[in-house]
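In what follows, subunit A forms one complex with subunit B and a second complex with subunit C.
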Partner chain A sequence: MSDSWELYGVQVESRLFLGTSRYPSPAIMEKAIQRSGTNVVTTSLRRQSPASKGGRSIWDRISKLGCHVLPNTAGCHTAREAVTLAQMSREIFETNWIKLEVTGDEYNLQPNPYELLSATEQLLNLNFDVFAYCTDDLVVCQRLNNLGCEVIMPWGSPIGTGKGLINTFALETLRDRLPEAKLLVDAGIGLPSHAAAALELGYDGVLVNTAVATADDPVSMAMAMSRAVEAGRLAYLAGPMAPSDTAHASTPIVGTPFWKAKTRN
Partner chain B sequence: MRILLNGDKVEVATQPLTHVLESLGYKCNEIVVAVNKEFVAKESWPDYRIQDGDQLDVLSPIEGG
Partner chain C sequence: MKEVARFTPRYSALEIKIAGGGLIGRMLGWHFVRQGEQVTVYEKDGAFEPTSAAHVSASMLAPQSERPESNATVWQMAMESLDLWPKWLIDLDVPYGFDGSVVVAHPGDESLLRKFETSLRRHKIGGFQCLSQNDIHELEPDLANRFRKGILLEQEGWLDNRALLKALAHNCGSIKYNSEVNPYELQADLVVDCRGMGSDDPDLRGVRGEVIRLHAPSVRLSRPVRLLHPKYRLYVAPRSEDQFVIGATQLESEFVGGVTVQSALELLTTAYSIHDGFEEAEIVELGAGLRPAYPDNTPRIYWRNGVLSVNGLYRHGFLIAPAVVNQAAEEVYKQCASF
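Moving on, here comes the complex of A and B:
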C-alpha cells in the first residue's frame, strides 16, 4: 500500500523517524535504520576538540544510508542558542530541516514554550523548515501552527522514559483541532504498541530513538516499530469501530441451539 | 591573544578565522563555528578576524535523537 506523505514539500514513504543515538555500535545503528525502512533520521552537533577525529566518521556512515537528515537543537535552552545551532546545522548538514528543541526544565527535559515560539518565528523567517518538539499543550501547538510551522511534534511522555502516550485526551484534542498540521509523537515511545496507538489516533508519524537503540536487539525492535506504525496507520485509515459500554454478541442470535424463549407459567 | 575555545582558554595569534582554526588542528570542511554564540558562515571565515576574549564554539556532527 502506498501511503506517501509530504514534509515541507519533500515526499516520504515511512511514518517512522529514527534517532541515531545510543546504539551499541555504529554497525547496529546502520542495520536498524536499514531494516526499519525509515526515510528520516535525526542527528546533532557537539563541540569538537582539535585532537579527535570528530564526527566525520559517524556523519559519513549516516549520510550513506540514503535517508533525509533531520538535525536537532538538543541541549539549547534559549531561542538565541537554538537559532545559532540551527544555522550551524544547516551549513554542515545542507538541509533547511531543523528539529527544534528548546529545553525549559532539566528534570523532565520539558520544552520551554516561550523560547520555542520565539525560535520558531525567527527560524521560519530565515527559511528553515521547522519540526517543533513541544508538549501536548493545545494553545502552544495552535500558536506554532499559526506561525506557519507545518510539522508539530508533541511528546507522548518525557524523552527517554518509554512511558508511551500518557495523555491521550490531549493528543486526540490536538489531532481534532489541528487537522491540517503534520503531527508526530516525538518522545516517550517505549513499545511498538505505543507507536501503533499514536497512528491509530490519526497522528502522521512517530519519532523513536531510545526504545530501539537500547533494546536487547535494536534491529528487531526497529522492525517491530516499523510494523506497528504501518498497522496503526492502516487501522486509522480503516475507520475503527466506536467503543460501547454494553456487550453485543458477535455471533448471530437467531438459530442459537438449545435456546428457548421464556414463557410464563 | 587569549580566546575561549569550546570553553577552554587557549592562546592564538591574531589571524583570519580560517588560519586560526587550521593552526588549532581543525579540518575546516568537517566543522561549523559560532563566535560569541553567533553563527559565522564558512564563506566569511577568510575575512573574519577574532578578537581577544572571543568565545569560539567549534562543532561537528554526532548522533542525535
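Moving on, here comes the complex of A and C:
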C-alpha cells in the first residue's frame, strides 16, 4: 500500500527522518540510513565552518545517500544567525528546505519562540521551505501555521533526552487544531515505541537522531524505528478502537446470563 | 593483481623512505632503524613548526572510554598497544602514566555515569571500579569537593606526546624537515606513505580537534580526568611541569584555522567545572588539528602502486600506534619473504 506524502511539493514515502550526528562512524551512519529506508536526513552545519566549506567531505557523503537533505540551524540563538546559516545551507546543499532551530535555553535546548517566529517569517519571504522545530505550545504552532509554515515539528521532550512524548495532551491538541499542517515529532524520541505512539496520534512523521546514533547497534535501532513508524502509521489509518472503562469479552458468551448484579457480602 | 612493494630481497639493510613525519612516520622509522634498516623520513613542516595531529593531541591512552564508540578492530589494536607502550616508552625515555583514568559527572548529571557503566558492561569491558566520594578523595583528592561519584578505568593512561615526537625524531633515521615529497616519485627499496591529511586518498576525511594547554600550578591531578556532560565529552590530561591538556573537540570539519571562541569556551568551562584551580591558570597554547579518518574510523594499511600506505588513525593515534606499526612492519617483511 502506498502511503506517500508531500513536503513542500516533494513526494516522500518514509515517515521517518534521521539525523546524521553522533554516529560511531560515517560508515555506520550510512548503513543505518540505508537500512531505515528513510527519504529525509537532517544535517547540522554550524560547527563545521560553513563559510570556508569545512564540512565539505562529510556533506558530500550525506548528499550521495540518495535522500533529501534537510539542513538545520542547530546551535543558532537568534533569528539573524539562523537566517544567515540557512542561506549558507541553501548554497551548499542546493535546497530551499531548512529545519529551523533557534535555541532559547542552553540547558534543555528549548526553542526560543520569539526568534523562531521572526526567523520563519524572514525565511519564508526568502522563499525557503521552513520545517520549524518548536515546543508543543499551541499558540506558537498556530502562528507558525498562519505565517505559511507547512511543516511544524514540535518536540516530544527536550532534544537528546530520549524521554518520549511527555505531553501527549498538548500533542493531541496540536493535531486536532492544525489538521492541515504537516506535523512531525522532533526531539525526545528514545525508543521505537515513542515513535509508534507519535504516529498513532496522527502525526505525519518523526525525526530521530540520538536514539539511533548512540544505540549500541545503530543499524538495528534504525530498522526498529522504521518498523515502529510503519506500525504506528498503519494503526492510525486502521482506526484504533476506543478505550473503555469496562471489560468486553472478545469471545461469544451466548447462553450465559448476560447480566448479574453486584452483591455485597 | 595484488600490488607489491618495489623492493627486492637483500641481505644488506633495506633503504626505506617514509613520506610524512607525524606520529606513524616517525614510529615506523624508529621501528625499522631498530631492525637495522636505513631510514629517511620526509616531513613537510619545519622542526619547530609542527602541524601534525600528533603534535596537537592530548595523547590519552583510553581504550575503555573509547570502546563504546569504536569497534572491535580498534579495541584489539588498543589492547595490543597497551602491552607494547610501556616497553617502548622506557626505551625512548618518554614520560607516561598508566595509573588509570577517572571518569566523573557533576551531581546533576550522574545518570550519565550509570549509562556509561551500563555501556562498559554491555561491551564486556572489565577493569573498572565505581567510585564513591571517599574513593575519589583517596585517588584524586582535588576532585572530591565537586564530585560524589565516578568510575576508575584501570587500564587507561597518558603519555607525553611532544616528548615522544622529539625522542622519535632523534631515533627514526635521518629526518628531513621542510621536505614535502610525493611518495610515488621516491626511489628506494621501500617507500611508505604516512602523510596523514597530506594523502590524496579519496576515502580519507579530516576530523577537526581542538585542545588547550594550561599551566596550572594549583591543580593537583595525577591521572587523566574525563567529564561526562549532556553536551560535551571532554577531558583533562596531565603533563609534566604543572601543565594540563584540555581536549578535545570533535567536529566533522576540515577547517584548518585556529581554535574558535565557542570551542575555547567549551574547553575552558569544562576545565573550570572540574577544578577551581584552573581559574588562575595560564593559557599556554590553543591548538587545532585534523585527524585523518576513513569512513569506518579504522586505520588502513595497504599497497598502492608499490608504496605502502598507512593512514586513518582518526582520534586513536597514540592509542593504537604500536599495533599499527607492528602490522605495517609485518606486512613489509611478509612481502620481503615472498620474493
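Going forward, the second predicted complex is superposed on the first by the 245 of 265 C-alpha atoms of A that agree within 3 Å, B and C clash if a C-alpha of one lies under 4 Å from a C-alpha of the other, contacts with A are read in each partner's own complex, and residues count from 1 in each chain.
As a working rule, a contact is a pair of C-beta atoms (placed from the backbone, for glycine too) under 8 Å apart; a residue touches a chain by one contact, two chains touch by 3 or more.
These numbers come from a predicted model, not from an experiment.
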| item | value |
| --- | --- |
| Touched partner set for A:Asn112, first subunit B, second subunit C, both or neither | neither |
| Touching partner for A:Thr103 - first (subunit B), second (subunit C), both, neither | neither |
| First, second, both or neither for A:Ser14, with subunit B first and subunit C second | neither |
| First (subunit B), second (subunit C), both or neither touched by A:Asn39 | neither |
| Residue contacts with subunit A in the superposition, subunit B compared against subunit C | B |
| Partner chain(s) touched by A:Ile58 [first = subunit B, second = subunit C, both, neither] | both |
| Contacts of A:Thr120 with subunit B and subunit C, given as first, second, both or neither | neither |
| Contacts of A:Thr135 with subunit B and subunit C, given as first, second, both or neither | neither |
| Touching partner for A:Arg80 - first (subunit B), second (subunit C), both, neither | first |
| Set intersection of subunit A contacts, subunit C complex versus subunit B complex | 47-49, 54-56, 58 |
| Complex contacts: residues of subunit C adjacent to subunit A | 68-71, 119, 122-123, 205-206, 208, 230, 251-255, 257, 262, 293, 295-298 |
| Residues of subunit A touching subunit C in the complex | 24-28, 30, 47-49, 52, 54-58, 61, 160, 216 |
| Subunit B-facing residues of subunit A, complex | 19-23, 29, 42-51, 54-56, 58-59, 62, 71-72, 74, 80-81, 84-85, 87-89, 91-93, 159, 209-210 |
| Residue numbers on subunit B that touch subunit A, as the complex places them | 6-7, 24-27, 30-34, 37-39, 41-42, 57-65 |
